[in-house]
Amino acid sequence: MAERLLSVEGLRVEFKTRDGIAKVIDNLSISLDTGETLGIVGESGCGKSMTALSIMGLVPIPPGRIAGGRILLDGEDLLQANEQRMREVRGNEISMIFQEPMTSLNPVYSIGNQIAETARLHEGLSRADAMARALEMLQAVGIPAAEKRIHEYPHQMSGGMRQRVMIAMALACKPRVLIADEPTTALDVTVQAQIFDLLNDLKEKTGTAIIMITHDMGAIAEMAQRVVVMYAGRIIEQAGVTQILTDPRHPYTQGLIRCVPHLTRNPTVERPPLLEIPGVVPALSQLGSGCAFAPRCPYADAKCRAEMPPSRAVDSGHDVACWLTEREAAA
Amino acid sequence: MTDSDNTQSRQIDEMPETPVEHPFRQFVTMYMRNYAAVAGLLVFVVIVAAALLAPVILNVDPFEMVDVPLLPPGESGHLFGTDNLGRDMLVSIIYGARVTMAVGGAAAAITLIIGLSIGAMAGYYRGWVDEVLMRITEFFQVLPPLLLAMVLVALFSPTLETVAIAIGVVSWTGVARLARAEFMRLRELDFVKAARSIGGRDRRIIWLVILPNALPPLIVNAALTVGIAILFEAALSFLGLSDPNVMSWGKLIGDNRDYLLDAPWTVTIPGVAIFLTVLAMSLIGDGLNDAFNPKLRER
Amino acid sequence: MQFLTVVARRFLYAFLLLLAVIVFNFVLLYLVPGDIAETIAGESGGASAELMAEIRRSYGLDQPFHVQLLTYVGKVLQGDLGSSYYFNAPVLDLILGRLGPTLLLVVTALLLAIFAGTLFGVIAAQRPNGIFSHFITILALIGFSAPVFWTAFLLIILFVSILQIMPLSGLAEPLSETGTWKWYLDVAHHLFLPVVSLSSIYLAQYSRLARASMMDILGSDYIRTARAKGLGQRMIIYKHALRNAVIPVITIAGLQFSHIFSGAVVIETVFSWPGLGTLAFESILRGDTPTIMGILFFSAFVVIVFNLLTDLAYRIIDPRIRLSNTA
Amino acid sequence: LSEPKQGGTLTFIYRIIAGHFNPAIASGTPTGIPGTQLFAALLRYDDQWRPQPYLAKSWSISDDGLSVTVNLRENAKFHDGHPITSEDVAFSIETIKANHPFKTMYAPVTKVTTPDKLTAIIHLSAPHPAIELAMSSQLGVVIPKHIYGEGDIRKNPRNSQDIVGSGPFKLKEFKPGEYIIMERFDDFFLKGRPYLDFIVFKKMAESTSRIIALETGKADITAFASDPQELTRLKKSKHLTLTPEGYSAIGPLNWLAFNTARKPFDDKRVRQAIGYALDKELLIKILYAGFAQRATGPIHPGSAFYSADVNLYDYDLDRAKALLDAAGLNPDADGIRFKTTLNFIPGGATWKRWSEITKAQLKKIGIDVTLKASSDFRSWIKTVAGHDFDMTLDSVFNWGDPVIGVHRTYQSSNIREGVPWHNTQQFRNADVDAVMMKAGLEINLDKRKALYADMQKMVVEEAPVIYINASPYHTIYNNERVGNPPIDSIWGTSSPMDNVYIK
Amino acid sequence: MSDDDDILLDVAHLKVYFRLPRKNIFAKASRVHAVDDVSFQIKRGTTLGIVGESGSGKTTTAMAVMRLTPITSGAMRLGDTDLAALEGEDLRHARTRMQIIFQDPYSSLNPRVRAGAIVREPMDLMNIGDPADREGRVADLFRKVGLRPEQQALFPHQFSGGQRQRIGVARALATQPELVVCDEPVSALDVAIQAQILNLLRSLQDEFGLTYLFISHDLGVVQYMCDEIAVMYLGQIVEYADRISLFTEPLHPYTWALLSAVPSADPATRARADRIRLQGDPPSPIDLPPGCRFSSRCPFAEARCVQETPPLRSIRPGHAVACHLVSDDGVPPQRRS
């Protein structure tokens, strides 16, 4: 294993809402090594994006608040860094690409201009050098006729192209960490495949570590080495990608994998009904003291509803937070 | 498919058992949260009450010359003083409220009716209907509204009706654009398609399906339109184009403008009345806007 | 190339619009009771029936409607707006003589409103709950609610009557030599109150609009992107957000130009500003039909030209419109 | 009193500025005030109705009253240097006769002969007592034939720009609707005149603006001021003098006129009842802050022909009601006897106020009046001259001699639909017609006065019009700056200001 | 595709073009070829799936079938009714027989109408059943789709996304339709909720014998839901087959590419060497390339592909493909090279 690049320890993020304090992220710890891709999965609203924004130092404050924890980049606690330092970090050491390529680019500036801006900002390049860098990046992300397209505006490009521009922009300063927040949700599968290939390629070439956020287990399988499963702001399971896919321990993880009709090359005539996870994610401000998944869990008992399960290693590099595994272990 | 699967899929009951708040109640709650809007509503209610009850409160002809001209407020029992003809300003203001509100209301109604009809047709039918109606709208947009209103009032001689109609005729374009945009947006939404797929006719879809959903911005706009119409009436009166048979606030200012330096209250008091009314209308508009879009307020 | 066809289309529309304005004006004013002969008679304290018939003949008023209309349209298209009954001078000359002061007033007021309004709004948007932000909200409400002439009166009472630091009326002191820097200063001095009164409404509205659109934009995805790149607050506001926030302000300013023009009628009357507004007002009172028609036509013309300019400004600011073929 | 001084600029403010300044083809003070500075008339008048030489060195009227011989000054020149000749005089009189709205003014003139360059003889078809007045001030200006002789004079651009006049001042700059700058004419035919270098004639429509301009010394003089608040306030300024002098020739009367051809105003009793119902003193007090003079009949109180021996219609509601009862107009359940409408002449807030007061006062005797505002002048003219009205408020000028300004509004032969101030009341009374006819031909002043006294009594009794007041026109000037203010003539500011100087 | 009596919906040569605003008044009006010569049939009680990338014309096909968008040409029969020819009141009445479930559970319900009324409305408008019974039927439908009948009084915004989609299903079933068009009914829902709706749709199909036209871009979902599948590309059907053949023996290179692009949780699939990657995005449906529309992205394209438009040919019963390169005995190009 390579050396530890980024680690988040005991992160807590709270939001003030009209219904009270919402613990959007509760005691979250993850770590990322150089050259590694970490996947984060979970249902909508479970805090995936908020984790990413916390690392970027972009949690909107107020109404948000970092209630505790540390985010260490090479041992430097980013939560203690001042704004000036954070600006140096963003786009330079840690970059991020977003879900909506349609709206994430400024419509009034040419894409070349927007890519070059990062390079000028962090590396102090001259305008011409920065544009040259932008061109280089556009070529690197596989945009055809890059010399021409560098002067185009976002609205002149398709979604896939824009996402490539976003990637070019994020990688312009060769960051050590790239956070990709559902980068392909808005794209067609064929384009999604291109983007995944591109990210894998670039990772190979530059060694950039990637945090890949998604709700699609297939995408995780395709991209990540390690997976973190989140539910209602907490990590409920964490393991290597094969372990998660073949041996999910948490009922929620199991559900997440089995409730999706996976494409198979050998379909049978029989089509058993899909597994369902009943109900919806609870409102974060109304979480009780117990396991957040208990209300939807077919195996939940009184203890589950009353007490929060701690995270426990069930295997090497496989942690689960569920009373069920406790029981199994005890049994 | 087994039975147990079916039951599993049907037992789902994720509704939190929170008391169900009626949208209207929620609307009222949201509105009441905006204190300025509540104040605006109060002012509005007071003015409308004064207008409706004018003959009951004060059974005096507002044109009656009751005292020495240009008495300052408070003197000889005239709370607001007297105007240049020795008429009681308080009476004039109260009776003026009737006319001002009537003209403002009527003009706003005309504005909304024209604007809404044109906007709705253009937005719903699109194509050449839209093209034609929008050209007409553009046409009315390039003519300076006050100038056009002046010409219209001059053409048909200044009476309450002509003033209200003229104001309506020159100010509907904004409403039309707004209504058109809303109709264009809404007609693309799936529930409108759904309404057609369950056999709704065009008329039903325009007026019963789309319109209620297009109303919030239009209602907000209506509150502002009343305010703008009142300002318009004031401007026309100020320029001398008003009905001399009735007392309106704008007319009071126009009539007394020559006394600006010696009897500033004759101009200031009706000015404040107009100001407060229009202010109330904009506050109400703001409040309605907040109440219709609770999300906006959270920011 | 594409840009040219768009421009050509805009011009064609503008032309047709103007044609419609001409016809509309004529029809409208044709309906006005009374005619020029009565006006002349009225102005001069009476005239004989023969004289009035003679006047009617000499102004072509004895012709049937369609002949008069066609004659009028034809003449207007040749730049001949007819001749004022009252001033006994070509309407075009009258209007051109008044256009300068009106444009000076309107454009200054508009630019002030747009620039100061946007600036205020942008500052306010950065602290949506700060004092300045509330101040902008209140200012906007006041600006919108006060009748423009009333604001002007209050300003007159304060600056002219009490403080006595502002001139009351006119464009400049007469008899002063035009063109010198002193004259320009004098004009600026005279311009102050009318501009402030006229722009007050719009300044308030635009700051509110800019504040709202700025707040919207600050929450948008591409601003998040800019932050993620490591840009500082100032760059984000003034490079990435401002240009987008100005777009709705310009849209509204374009749509409202004819309203500002209207406001000028009132303001010019209050301040005896020698512009088109006073000319229009007086011409209506005089029943000077050719002049009123000319002014209506000309204001439509100015509004259309201004809209073309707005369009151009748009295309410069917003590449989405610049590079699209519709709109 | 200081001696007149050469030089200086007089700033004259006025509510309107005319479109052109050729008094030969238009009446009205906006044309007349600058017009009389730019163009000289043959005669001028002092403040006692006595004609004085001006461009005419001397003149004489033949004994039969059928010709007037005018001798011009030798040294008189137009602004472009052309000498002023009898040709120009003949041309001017013909032009005025053909174009000026006051048809009676030169109606008797048959021709003008020019025996030599400096002599002109005006031939009349009948004796014309008003002929001297018609040769003065803005009525009888002399205009250059070489400028205006060609084409339709009404469309001549030089009525407003590049004016070549004959008066003491020449046009320097005219900005339509804004200001006129007039400059001393160095070759003026009166030696050493005018005193002023410049007159700036500036438009100020707003009363407030005028008040401030006068109070702060930015303006020196204004004329035809009648707004009560303006007068009341400016009277308090020490450096300002207010004077009603100088308006007797104009003779402005404010009145309420009836359409006597319409029911119920065809009944004299109804008209009289309204006469009694109007509180004229109150009107004057409220509308004019007491500055206005009561008008009692068709002739202005400042006129030599004025007679106060008429029914004054003193305020008497009982009498008014009795007259209406007698006319068979009884009140209904709401106390309303009949409904009618009142038009009023547009322009100026006073008229509107007046109409509102009238409405309130007539309500007291059971007449329900709806006010009809006309947004512009011509819709009012259309209504009134078209005989499509019940009652109207307006102002009519006597224009010096009754023949010019008074006869036109009562003569039954002068009822002409479509023409304003041509007996739009449609008043027909043979006796009044006869006495006016006689007075118009009478040269003897005392006999004329007696005839007009009769006429006034008869008209007032018939009440086609209820007379309220003489317009309270005032000239207001800065007494610290203005010497010899233009009030020493019956024509006031419509007389040449060659005497005015800046102290 | 044999037994004619069994066919509920028969669409032949359907074309839907949208006219775009002209660039200038002299320019030729350009058109979007949203659906260009599409034919398919659905047997009663079965599900036909349409898959394809964004903009390939799936929704437009659905809307055309529902007669919610004007069709340019083509024939459509619903049972023995000529659907394409209906107008006015006749069309209104025919609508009882076909209903639609929309993609977006938020915009497809009128926010101002209560849930109960939304479901009841179609019965009122189309005059279905005895008005007195309608109340009961609405309650019934609510139970059927997994909602509590007392939730009828709520407004749409008071429901979660999944519940809203259930209301949409109930509304569609209110007229007792034969055909239900589902336009991406789960793609806006959370993964965990998708399963609930998919299961519901299948159980309702069994219960009422419904026929579905099921649209999705998610191959997994289509594979799970459909009996027959049409793959669309740029307004045309490029491959048409029953469920098993399509996934086991895809013939068209585009289908192949689509299948290989889907990220898979199955390591075996991921490791397959025959995956192909497409370059670029689909071209604009306005300026269509000549010949095969897929030729610009097809890794196997030959000269002929750019010149000639391949027809949709039947390779074997129940399996048709529009590709020059598929041999008549059903060997796809990807297998050969």
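When the chains are written out, they are named A, B, C, D and E in that same order, and each has its own residue count from 1.
As a convention for this text, a contact is a pair of C-beta atoms (placed from the backbone, for glycine too) under 8 Å apart; a residue touches a chain by one contact, two chains touch by 3 or more.
Just so we're clear, the structure is a prediction, and the values are computed from it rather than from any experiment.
Think of each touching pair as a link: the shortest run of links from subunit C to subunit D has 1 of them.
Ranked by distance of CA centroids from subunit A, the top chain is D. In terms of C-beta pairs in contact, A-E outnumbers the other of B-D and A-E. Note on chain placement: the centre of subunit B and the centre of subunit C lie 24 Å apart, centres being C-alpha means.
Centre-to-centre, using mean CA coordinates, subunit D is 89 Å away from subunit E. Separation between the centroids of subunit A and subunit B, computed from CA atoms only, is 49 Å. The distance from the centre of subunit A to the centre of subunit C, with each centre set as the mean of the Cα atoms, comes to 53 Å. The residues of subunit A that reach two or more other chains are 273, 276, 278, 280, listed in rising order. Counting partner chains per residue, subunit B has residues 1, 5, 9, 11-14, 154, 240, 257, 260-261 touching two or more of them. With touch defined as above, residues shared between interfaces to two or more other chains in subunit C number as follows: 32, 156, 161, 269, 284-285. Across the interface of their complex, subunit C is touched by residues 135, 138-139, 141-148, 150-152, 154-155, 174, 177, 227, 231, 234-235, 238-240, 250, 253, 257, 260-261, 264, 267-268, 271, 274-276, 278-279, 281-283, 299 of subunit B.
Residues 1, 5-6, 9-15, 20, 23, 189-191, 193-201, 209, 212-213 of subunit B are the ones that touch subunit E when the two sit in their complex.
For subunit E in complex with subunit B, the touching residues are 63, 66, 68, 92-93, 95-96, 98-100, 102-104, 107-112, 121-122, 125-126, 143, 146, 148, 151, 153-155, 158-160, 162-163, 168, 171, 174-175, 196, 199-200, 202-203, 206.
By the touch criterion given at the top, residues 17, 20-21, 24, 28-29, 31-32, 128, 141-142, 144-150, 153-154, 156-157, 161, 215, 219, 255, 258-259, 261-263, 265-266, 269, 280-281, 284-285, 292, 295-296, 299-300, 303-304, 307 of subunit C touch subunit B in their complex. Those residues of subunit D whose C-beta lies close enough to touch subunit B in the complex are 206-208, 211-212, 227, 229-230, 232-233, 282, 286, 344, 346, 349, 352-353, 355-357, 359-360, 363, 370-376, 379.
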